[in-house]
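Common to both upcoming complexes is chain A, partnered first by chain B, then by chain C.
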Partner chain A sequence: MNILIIILLPFLSALLILLAGKDYSQRIALISAAASVIAIGVMMALFDKDATTITSIDLPWIKSMGVHFHLGADGLSLLMILICNVVTLISMYVSLGDTFSQHRLYFALLLLMQTFMNGVFTAQDLFLYYIFWELALIPAYFLLLIWGKGKDVKPATIKFFLFTLLGSLFMLVAIVWLGNIGSIADFSLATIYGLEIGTQEQLFVYGAFMLAYGIKTPLFPFHSWLPDTYTLAPAPVTIMLSGVMSKMALYSIIRFVLPVVPDAVEQYGIYVVYLATIGVMYASVIALTQKDLKRMFAYVSIAHVGLIAAGILTYSVLGIQGSLIQMAAHAINTVGLFFIAQILFRLKGNFDINCFGGLRQYMPVFAGLYMVIMFGSIGVPLTNGFVGEFIIFTSLYRLDVFAALIAGSGIILGAVYMLTSYQKIMLGPDTDTTLTDITNSDKTLLYCIACIVIITGLYPSWITSLCDVSVQNIIHPYLQK
Partner chain B sequence: MNTIILLAVTGIFSMFSGIFRQKQLALPAILIAFILALGMLTFGWIGNYDDILNNMLIFDNLAINFSLVIIFISIFIFIMSQYYYSDDIEHLTDLFALFVFSIIGGILLVSFQNLTMLFLGTEILSIPLYILAASNRRNLASNEAGLKYYLMGSFATCFLLLGITLIYGAYGSFDLTDIHTALATQGISSLFLTGVVLILCSFIFKLSAVPFHFWAPDVYHGAPTVLTAFVSTVVKVAVMGALLRFMAFIGNYNSEKWVILFMLVSVATMIFGTIVSIKQKNFKRLLAYSGMANVGFVLIAILTAGEGSSGYILYNLTAYSIASILAFTIYSTIKSQTGIDTIKGISGLVTHNKLLATGLLVSMLSFAGIPPLAGFFGKYFIIFSAVKAGDTWLAVIAILTSVVAAYNYLRISAYVVNDNNSIPVLKITTRYRIFIILCIALIIGGGILPDQLFGLLH
Partner chain C sequence: MLRLYFVVFYGQERINKAVKTHIHESPNGMLIPLYILAALSIVAGIMNAPEIFHGNKWLENFIAPVTVLSGIHLDHATEWFLMSISFLCIVMVGVFAYDKFVKKGKVPQNDEALNDSTFSKLLRDKFYVDELYEMLIVKPAYSFSTLMSTFFEEKIIHRATNGAGRLTLFLSGKIRKTQNGFISYYLFAMALGVLGLITIFILF
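Coming up: the complex of A and B.
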């Protein structure tokens, strides 16, 4: 199977939606998203049997600059594409619950976002990767701008765009520099991996890349765009942003930063680990004080991605494997949490934690499913959050006890605020007897998410076995030096 | 040379068509002449005119490429003018003729090999512009623009003339080749240095770069929109071409000093243009300042890649020009039908005017340098040339200013997709629609296939 399918499917569907005479947007979008998930499922099954069945595509694109349209996938890419496509499907499904003006454009933009993110995960040419990386921002920008709620949506969106643009332009300088080290400009990953770069230069490249990824992830001092953006975005877009877009940066750190500038990571990676762990603590403390449920989940997300970034930058097989598991877990958990926030929003028309109470009496199924997903997010054993966190902590502990301690206390705080909010919303007295349990369609989705949470918790090793070869390839050349 | 003759005849034809009351002939004739000129340029200059012209003009690759771009963009300007000037305006054909003469000046400018021709080219380029800036005679702002442009332009011309005189005084020749020989034998005289600085000042003025930029916003704002588009696109290409030629000429002598001077100008222009543009409320003024910032950007390429930069510069300016012609066209349509000329005023354009809104969004995102639009590669090539030359800090400044500038374009795009319907359905013709779609296609196509476009320019 050619990897190009994964790009073409959503892209052509988006075109179809925009160009079709009649409005079939919802149906096309949903079918396309489901087909993408099936396609990636088939690919993973094939990949499991024989890694060479996934063929890549390599066409010269801009000859004078040595840029190729080169797409390919290894286990790591497949994992990320799986996350992306599953989250997109969920996002489409959630979109059906609300009405959107101009919904043709809306669904087309969601599909385009999926296309470009898939492009980021499959690009084997650094320049092409950059193009996809920037392109993914455009649909997100318009989705926020047109369908975002609240009067601050415009400044928040522009802030989000400018922050990411700033980071990625510095990355562009680094990419240009990397691609032109040799006598002929060449941006292909194989060439970039083979470069011998001096330590001083590595530091600059590392700085430029980490600025871009630090903003996009986001890591601690660069996170200020996130809470507003996540809060003001419509729920499906928040799901896409938190589920996939933050993973784009984490994936890129594994894919580009670690193998390209290994010496810089070894020397200076620890500082980013500290930043990330401080970020975990910081975000958790702020989350404690939030009254707004969606905002609180946004900070939870910052804390979790901070931990994942710390795990990656321990620069050990263990840390990276843990981070990959945690990435898959975070994608599904955070999507679940934002979906829950949306269901609650539909009940009362706002996200204020204090205006809910005692919902469990009327909606027992919802309460149960909420609890499962929340446990996944806290990292209770047998849920998907546990394994990844445990492995990351182990690798952090081996690297630096202090960092492990800070991050650990952050995660404990995480349990505090999640449980407190659950208590306020679900337990306690309430006089509002008009409520009934959530609709069947919402229930189905929550059941699915809860199943994934538990199954991945019981059997996380599919992720490690899928990505094992890629991780070895990325980390081994350096360990051998 | 044939092109210059062809265009001159066309300009005169345009004037006569007004006299004989055949106005409708002028525009088709001009467009056909332009397309012929493009063909003539592409297939080489026919004949050798060295003897006749006494080696005053040189028709090398640089001249041909810049002339091609000048005429190519002019075609767009003329198509745009069709939607700007209504048919019953007096002296329409005279205005067209003035545009054509100005374009001839531009072609002379990019092919000068003799300082006299530099002066003649500058003047032939500028004098029609002074008239055109004031051509909206009943509008006070237009008159102010014309007068301001004329007075300031005269100063710049004085600088240019004095500079040329000083160089002549030092070496006794206007011819670049002769001056080269004289420089090699007699060494650099202080008269030469002063002369060069004065000539550079006049270039900086024509490019509206800091510190000689004060005329630009008022002129851009007051002048008819077609002229604004012309000044910010064609004129900049022509002057950039001349500057590139001039820098190549002086490049070997005391090059560090010019480089430092131009670095300061470039950085100051980028920073000033960007920062001031943030505060602008008027659409045209904003484009004036952002065009200024772009000039600073382009200067980086001249600084870091020298003569090799012509491809980068042409790509950047072509991409920039098409995007700004698109923006100016849409702006003038909105202005003429609703009277709105502020950025806030265009809020909700998308509700009833999908095509115009798309056009404006594409041009804004291209300005902001988002891949894969043409504007991205315009910026990319310049960052590339700075990084390759080792001046990474220039690239960093360019990036920082372009992020700030992106704020402007995002601000506009945010207004465009705003959720209100204050702007009614604007009347547009099918031909206009095709023109807009063509511009959009060029901007997107230039970004997806930059190699092909880039190849054409080499």
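Coming up: the complex of A and C.
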């Protein structure tokens, strides 16, 4: 199956929504998102795990600059596209529960965001990658600005946009430099991977790339845009941002930083590992006293992506494999948590943890499903969060015991704040007897998420076997040098 | 344990009449698991019976990797001595509890009504481990979290980011004023610039 379909399907659907009548927008969006999931499913089924890349399209685009419209996907890309498409489908489904003004524009923007993020995961040309990377920011900006809630939406949106753009500009400089090292300008990944770059220059490229990815992931102390953005965005947009957009940066570290500047990672990677693990601890400490549930989940997300980044920068097969499992786990768990926050918001009209109590008596099914997803997020054995976390810890421990210790304490705190908030919301006395259990459509989605949490926990090896060749290709050239 | 056993099963009866009519032997659903547990508790004891009783060290062999490092071997005299001491202690406590709660029929007071020595208070409050844990770990963790979120996160991290934006706006407000539209000002600025460049070229 042609990889182009992954980009074209949501893009054309977005155009169709803008042209079609008002009544059809929801249906088109949902069908398109479901079709995208089916498409990636078929692609994965047909994928030959030993093949390195399925290159399906390579057209010269801007000849004078040596830029190609070159798309392709290996196991790593397929995993990321799967995450992106599943999370988009969930986001569409969650959107059905609320009414949005100008919903044609709303659904079109969500689909465009999916298009560009899929572009990031499939681009085989560094320049094309950068274009997709920046394009993905634009729908996010409008989704946040138009449908965000609260009086601080405008400043928060501008902060989010400018902050992430600032980082990306440094990356642009590095990309232009990388593309012009040879006698002719060439941005194709194969050429860039083959470049012999001096240690000094590697450090410069490493710094520029990591600034962009550090802000987008985000790593401590570049995270200040995240809590406001996640809290003020409408739930489906928060789901897209936390589920997929943070993975864009983590994927890019694996795809571009590790193979292009291996010496710099070898020498200076440990500093970013420290920064990331301190971030895990820091975000967990702050989450401990948050009263706003959505804000707390935002800090939980910072802690988890910090751990994933640390795993990647251990620069070992083990660390990267663990991080990939954890990326898939984080995408599902964080989406589940933000959906739970949205359900609770619909009940009482705010996210204040102290407003709730004793909900378990009235919503037993919801309580059970919330618990499964929470366990996944904490990383309890047999849930999806455990395997990745365990592997990352092992790789961190081999690299540096101290880093493993810091990250470990953060994870322990994770259990504390998650269980405490669950206890406050779900257990104890409550006087509000008018509540009933959640609707069947909400239940269906939570059941699906809980099933993925458990199935991936029991059988995580599909991720490692899917990405094994890609990871070996990224790590091996360096080991052979 | 012996205190508990004697007070509950042999001690003075304190049940009111209404409750008394309901009391009966436990159903099989509870008795059978208890039989099994009782049998297993004896088996567990025999599994690693001391050497003097020709014990086989089944348990020790089973968990060998864990115990291999200890390598302690006691002679028979020490084994007898240790066993006698612990057995004697149990018998003494049993006799004391039987005497106090069964023979003399003493009923233990409620905890609230108790006005007893420091030692039993220490025991009743579990050596204050919970309070120590609360004081040494839980409270500092929460205070640290509050400090980090109200001071470091708000005053330093957020201010640094927002400050960068404010600084840009502030500088733009100041520098914007140089673009006042008067050609004479621009000419003056250009002349200053040329003068400056010439000075630099002459000096260096």
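Rule of thumb we're sticking to: the second predicted complex is superposed on the first by the 470 of 481 C-alpha atoms of A that agree within 3 Å, B and C clash if a C-alpha of one lies under 4 Å from a C-alpha of the other, contacts with A are read in each partner's own complex, and residues count from 1 in each chain.
Everything below uses one rule, namely that contacts are C-beta pairs under 8 Å (C-beta built on N, C-alpha and C of every residue); 3 or more make two chains touch, one makes a residue touch a chain.
Everything numeric in this text was worked out from a predicted model, so none of it was measured.
Student: Looking at the overlay, does A:Leu169 come into contact with chain B only (first), chain C only (second), both, or neither?
Tutor: Only chain B is touched by A:Leu169; chain C is not.
Student: Report for A:Tyr422: first if it touches chain B alone, second if chain C alone, otherwise both or neither.
Tutor: Neither partner.
Student: With both complexes superposed on chain A, which partner does A:Trp225 reach: first (chain B), second (chain C), both or neither?
Tutor: second
Student: So, does A:Phe375 touch the first partner chain B, the second partner chain C, both, or neither?
Tutor: So A:Phe375 meets neither chain B nor chain C here.
Student: Between chain B and chain C, pick out the one touching the greater number of residues of chain A.
Tutor: B
Student: Quick one: is A:Thr289 in contact with chain B, with chain C, with both, or with neither? Answer first, second, both or neither.
Tutor: Only chain C is touched by A:Thr289; chain B is not.
Student: A:Tyr106 in the overlay: touching chain B, chain C, both, or neither? Say first, second, both or neither.
Tutor: neither
Student: Looking at A:Tyr130 after the superposition, I want to know if it touches chain B, chain C, both of them or none. Which is it: first, second, both, neither?
Tutor: In the superposed model, A:Tyr130 contacts chain B only, not chain C.
Student: Kindly classify A:Phe187 by the partners it touches after superposition: chain B alone (first), chain C alone (second), both, or neither?
Tutor: A:Phe187 sits against neither chain B nor chain C.
Student: For chain A, which residues belong to both interfaces, chain B and chain C?
Tutor: After superposing on chain A, chain A residues 158, 162 contact both chain B and chain C.
Student: Under the definition above, what is the set of chain A residues touching chain C in their complex?
Tutor: Residue list for chain A touching chain C: 158-159, 162-163, 221, 223-225, 282, 285-290, 413, 416.
Student: Within their complex, state which residues of chain B touch chain A.
Tutor: The contact residues of chain B facing chain A are 365, 368, 370-372, 376, 380, 383-384, 387-388, 392, 395-396, 399-400, 402-403, 406-407, 410-411, 413-414, 417, 419, 450-451, 454-455.
Student: Can you check the complex and tell me which residues of chain C touch chain A?
Tutor: Contacts found on chain C: 141-142, 144-146, 148-149, 153, 157-158, 160-162, 165.
Student: Which residues of chain A touch chain B once you look at their complex with the stated criterion?
Tutor: Residue positions touching the partner: 61-65, 101, 130-131, 134-135, 137-138, 141-142, 145-146, 154, 157-158, 161-162, 165-166, 169-170, 172-173, 176-177, 180.
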